[in-house]
Amino acid sequence: MTSLMIGLVLGGTYALAALGLTMQYGVARIMNLAYGEFVISAAFATFVLFSSINLNPLLAMFIVAPAAFSISYFVYAILMAPLVKRSKKKGNLENDSILITFGLLFLVQGILLVLFGADFASYNYLNIPVNVFGITIAANRLIAFGLAMILGLSLYCLVAYSQWGITLRAVATKPENARLVGINVDRVAQIAFAIGGMLAALAGVVISMFQTFTATSGVVFTMKALIVVIMGGVGNFMGALISGLILGLAEATVSTYVDPGLTLASTYLIFLVLLLWRPQGLFGKGVVK
Amino acid sequence: MITGAKVSVAIIAFGLLALLPFFLEAYGLGLMIGMLSYVALATAWSMFSGPTHYISLATVAFYGVGAYTVAVLNEGISFPVILLIAVLIGLVLSLAVGVATLRLAGVYFVIFSFGLAELVRQLITWYEVNVTGTLGRYIFLPLEPQDIYWLLLGAATLTLIIGWLVRRSRIGLALRVIGDDEVIAAHIGINLTRTKLLLFALSASLITLVGAIQAPRWVYIEPSIVFNPTVSFLTVIMALLGGPHRLFGPLFGVVPLFLLFEWLSANFPNHYSIILGALFIAIVFVLPNGVLEFLDRFRLRRAKT
Amino acid sequence: MTSFLELENVAKKFGGLTAVRDVSFTLSKGEIVGLLGPNGSGKTTLLNMISGANKVTSGKISLNGVSIDSLRPDQIVNKGVSRTFQLVRILPSMTVEENVICGLAFRKMPVWGAKAAIIAREKLEIVGLKDKASLPGHSLNYIDSKRLELARALAADPELLLLDEWLSGLTPEELEAGIELIRSIETTGISILIVEHIMSAIRALCPRCVVMNSGEIIADGSTGTVLQDDAVSAAYLGGAPCCMLTISLCSMTYILL
Amino acid sequence: MNDKRHLLKKLARLAMTSAVALTFSGVVSTAVLASEKSVKIGYAVSKTGQNSAGAGITTAPNYVLWVEDINAAGGLQLPDGSRLPIEIIEYDDRSSSEEVVRAIERLATQDKVDFILPPWGTGFNLAIAPLMDRFGYPQLAVTAVTDKAPEFAERWKKSFWVLGGGGDYSESLADVLAEANKSGKINNKIAVISVADGFGIDLIKSARPAFKKHGFDVVYDKTYPLGTSDFNAMIAEAKASGADSFVAFSYPPGTFALTKQSQIASFNPKVLYLGVGVGFPVYPKIAEGKMEGVMSLGGVDVNSAAFTDYAKRHMEVTGNPPDYWASSVTYASLQMLQQAIERVGLNRDAVSKELSSGEFDTILGKVKLEDNQLRKLWWTGQWKNGNFVAVAPATREGAVSPVIPKPAWQE
């Protein structure tokens, strides 16, 4: 029971960290290797707001998230849009976006290093125990879990049932066809990318409340997010949510009943086995040869 | 196609490179060692990933396994035998992995291969901690930098020769067909799985060899050192930038990038990341598809004559 | 008469959808047969099953008395079956000649090196592409792409050739030449199964034809008789404009699948 | 606030340096400082990659501080009383073994520096040891904790190992615990977790027999992979194990997570010993000021004027306080080098000889190496009244008696 709760809460964090990437990669088709750097930048921004003007991180969200949206919007316009245009002929957006976001990764990381040094950044906010079904959990972790659920489910509903969701899905699955029915694919992709950046920032704000981070720890988030996204099926929010929870549960269970030394190995093992069993991910519909 | 002149140029180049340690200082030699290892890695990587378009991030899984083999066996067995064992381990591992993974395509394979590298690292760590009870291992082999240089030169040359032979062989052609269109490939009689598996294993064994050769240079080895994912990333970037479709393509990516990295970390140790990132972005824009496009054009021109 | 290609109660399901049900027919050595039917009737699926691209859900396919239904496409090629595709497939990064060499290099008795180049030129001469041998594959126009695809299929030295709408989309003159080309191939003793919509071509080429509708064979016999069959007309030839409509509707469902 | 001003200053510096860097490219690093006569000192540390956090806290700032101190005094003093300014050549090893090896080769053969300062980390110090030996440079390996130090000092005569081995720390801890057990403050059960890397394994391997020797029963003993961020499951197990002492041989991110998560879980063992990071200046903030009683490796003698003065200067020059373990040792090793040069000049062989035989006056007090190793170190420390004080070896002057049981978090 304890490990179940621990696992769910941990999984919530993973899911939260992955929502933005599923948007960016699933809809905008940008394989963003600098995703974790966006998360970390938001964490640093929150850290600075908290330690300089003592701004409550939950309020900081309302500054950081819109900022991340507009920054991502412009990043797309400046860096990605030309690539998308170029790739229409060649169809190598995946390779190009890997290369360019790899550059972006270094750029952002370098700026963070110069601004904040290599030191560990950490502060405490809402690090207070909350009793849930007799098990104590940190309030800030519950917030992460709650936010993951709310964002994940509402995005899922939005995509599944709204007009805008249909547009998104059209762009995600068949961009060429979406263009034919009058959808401005490039614009939708740009907005999706920006929303993805905003989601990354939200994750960063929340994670910064309980996790120690450094300028170079972005890669960890990118990799975890990638695994969750692929496991859940690219572009599927419900899938991201569920696979995040599965990974969290697996880690907690293995840690309690098997050996803490095998937690990360089990994560990758589950991921690899799942990919072999269902190459399109848990909830993916794409047919992969 | 292949003329006597080209062969003699290649032999002379090889001879000159082999003589280099007698003229270079330790640093120059170190530079050449680093460069040669990436030449071998990127060329071996391209052997499989170039024609198939499978972007593999598992480079460091095999590279690390090679290094670890040396760390485990370095006492009591002669170095050439260790290298051979390392290659065999790489071969077996890659065949096992290949059977399971090569039916994945696109980004699924990319992430899978990355996960694989991490999995291998975690399992080795767990094994060392729980079974052997050590984690760091020491390598005290009487190898001088020039020995490692010559071995790497051999490995790089071997990789290029194998790459050249593969290119001329039916398997090379089969891979090109697979890269162009898997459906056609199957319907003209190519066994997709076997072909990919063979090349994956060949490429992985060479990568394992490079890791094994380089290991004695570090003296101390532990998983976080030898399974550094940067190796995988750099290999991909260098190969993609140079053009993984051509035999010498990766070479054109490795040499300039390697020197650039070196120059940046020496002259701007505090702003290395920023400048590197900016340069990277610039390269993607200014040299669309890197040196690759240039090489494609070159090939077209040659096809016409 | 011993049958060369034999299909027994072949069926194919995609999920819950049955694309081909209970199809049986045979084809003799050296025979040329037309396979007709509206789009979505299961012709291409049938072709895919013979060539190994799709696995049969149930039933049996054998060639020369040997079962081939569990083999991979490349193994089936080595049994002497080669094919063209409904949507033309050329290897874009290779030259025309290399495209054909690919057909030679992986067949049962592979040809490689200088000899392959000579044979490739011969095959290209057969389809009339000899002058374009060194052009890149992606630079060919539609008809030339089709010719190249045929040359590549022939390079595999087939006993059975599967042509999937190879003649459609051609101008009347090109069609004429295409029919001649297929006829000349038939005279070399290769068995041919042609999936086609163009009636005139079927009439000109195939003494016998098989008609499918909704995944089943509804007629099999001499072309003249079959095309007068009521069921066939109802299913397929119900007036030209209507036919066009059916085809386009069927193409849409096909794409959606 | 100070933090903010510091940030602004850094921003301005960033803008300026990048502008300068981009216009003048390669010449900057040497041209600015180059003068007719100077002592060239080079080093490679991890500015990027996985090791950059550790190097950025312990190693790099002390190099900066030391050079600043010396140049402010007019330069390195030589035996004849003259002074030469230090010229620094620094490289980024990008947290890669291959890079650090090459950087040393470059410093030795290309830049021909007079002395080379060590990189951060056990693995990297070992990687460069054969090279340093071959090129004849003394190597004052600080951030390298290894039980094989005696063997290495034997193998590479010019290598000096000044931070002890894993066994030193775990045996000292076992002594502290045994003392508390004897006086009835804690039971004889210990729960221990360790990080799966060279450091963690070195410590746990020597800790097991040490605990056993003192009659302790290790009731929970698990190793977790590097990169683990969630310890709730392990804390729950340790809590349920009935052990009064909880020991974690952890790395900073793990140490911090363990601190926060044990607070939440109201996990209050009578002895809480965590790994690297407890001595970091950021730790009190992480523990929300409730770090009283937490134990770890290292510790300092806060009553030593030399240390307080050093800590103040460290803050002034680098913008951060030093850590309470390896920072002062790093600085002391630099002082040893400085004094050796002052006595015998720039001859590297002579300096090496002096380092292994001489006595030096450092911020750690008077020190003398034994078989090329520094043995007079603080092995165990504890947070007490806002300082991370040394508690063991208890016999050494300046040691403080440990607070056991540790006060509960919620107070």
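Chains here go by letter, A, B, C and D, matching the order in which they are written, and residues are numbered from 1 within each.
By our rule, contacts are C-beta pairs under 8 Å (C-beta built on N, C-alpha and C of every residue); 3 or more make two chains touch, one makes a residue touch a chain.
Everything quoted here is computed from the prediction, not taken from an experiment.
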item: Partner chains shared by chain B and chain D (touch criterion as defined above); value: A
item: Pair of chains joined by more contacts [C-beta pairs], B-C or A-D; value: A-D
item: Reference chain C; chain at largest CA-centroid distance; value: D
item: Rounded Å distance, chain A centre to chain D centre (Cα mean); value: 35
item: Whole-Å gap between the CA centroids of chain A and chain C; value: 48
item: Gap in Å, rounded to a whole number, between the CA centres of chain D and chain C; value: 74
item: Between chain C and chain B, distance of the C-alpha-averaged centres to the nearest whole Å; value: 43
item: Two or more partner chains touched - positions in chain B; value: 122, 125-126, 129-130, 270-275
item: Where chain A touches two or more other chains at once, by residue number; value: 109-111, 113-114, 259, 261-262, 264-265
item: Multi-chain contact sites of chain D, meaning residues that touch two or more partners; value: 14, 47-50, 196, 223, 225
item: All pairs of touching chains, each written as two labels joined by a dash; value: A-B, A-D, B-C, B-D
item: Chain B to chain D touching residues, read off their complex; value: 25-31, 33-34, 37, 122, 125-126, 128-130, 133-136, 138, 145, 214, 217-226, 228, 230, 262-263, 265-275
item: Contact set on chain C toward chain B in their complex; value: 51-53, 72-75, 77-78, 82-83, 85, 89, 91-95, 98, 101-103, 105-108, 110, 112, 134, 136, 152, 155-156
item: Residues of chain B that touch chain C when the two form their complex; value: 170, 173-174, 176-177, 179-181, 183-192, 300, 303-304
item: Parts of chain D lying in touch with chain B, wherever the complex brings them together; value: 14, 17-18, 21-22, 25-26, 28-29, 47-50, 90-99, 101-103, 105-106, 108-110, 122-123, 126-127, 129-131, 135, 148, 196-198, 200-202, 205, 223, 225-226
item: Partner chain A, residues of chain B touching it in the complex; value: 55, 100-101, 103-108, 111-112, 114-116, 118-119, 122-123, 125-126, 129-130, 182, 229, 233, 236-237, 240-241, 270-281, 283-285, 288-289
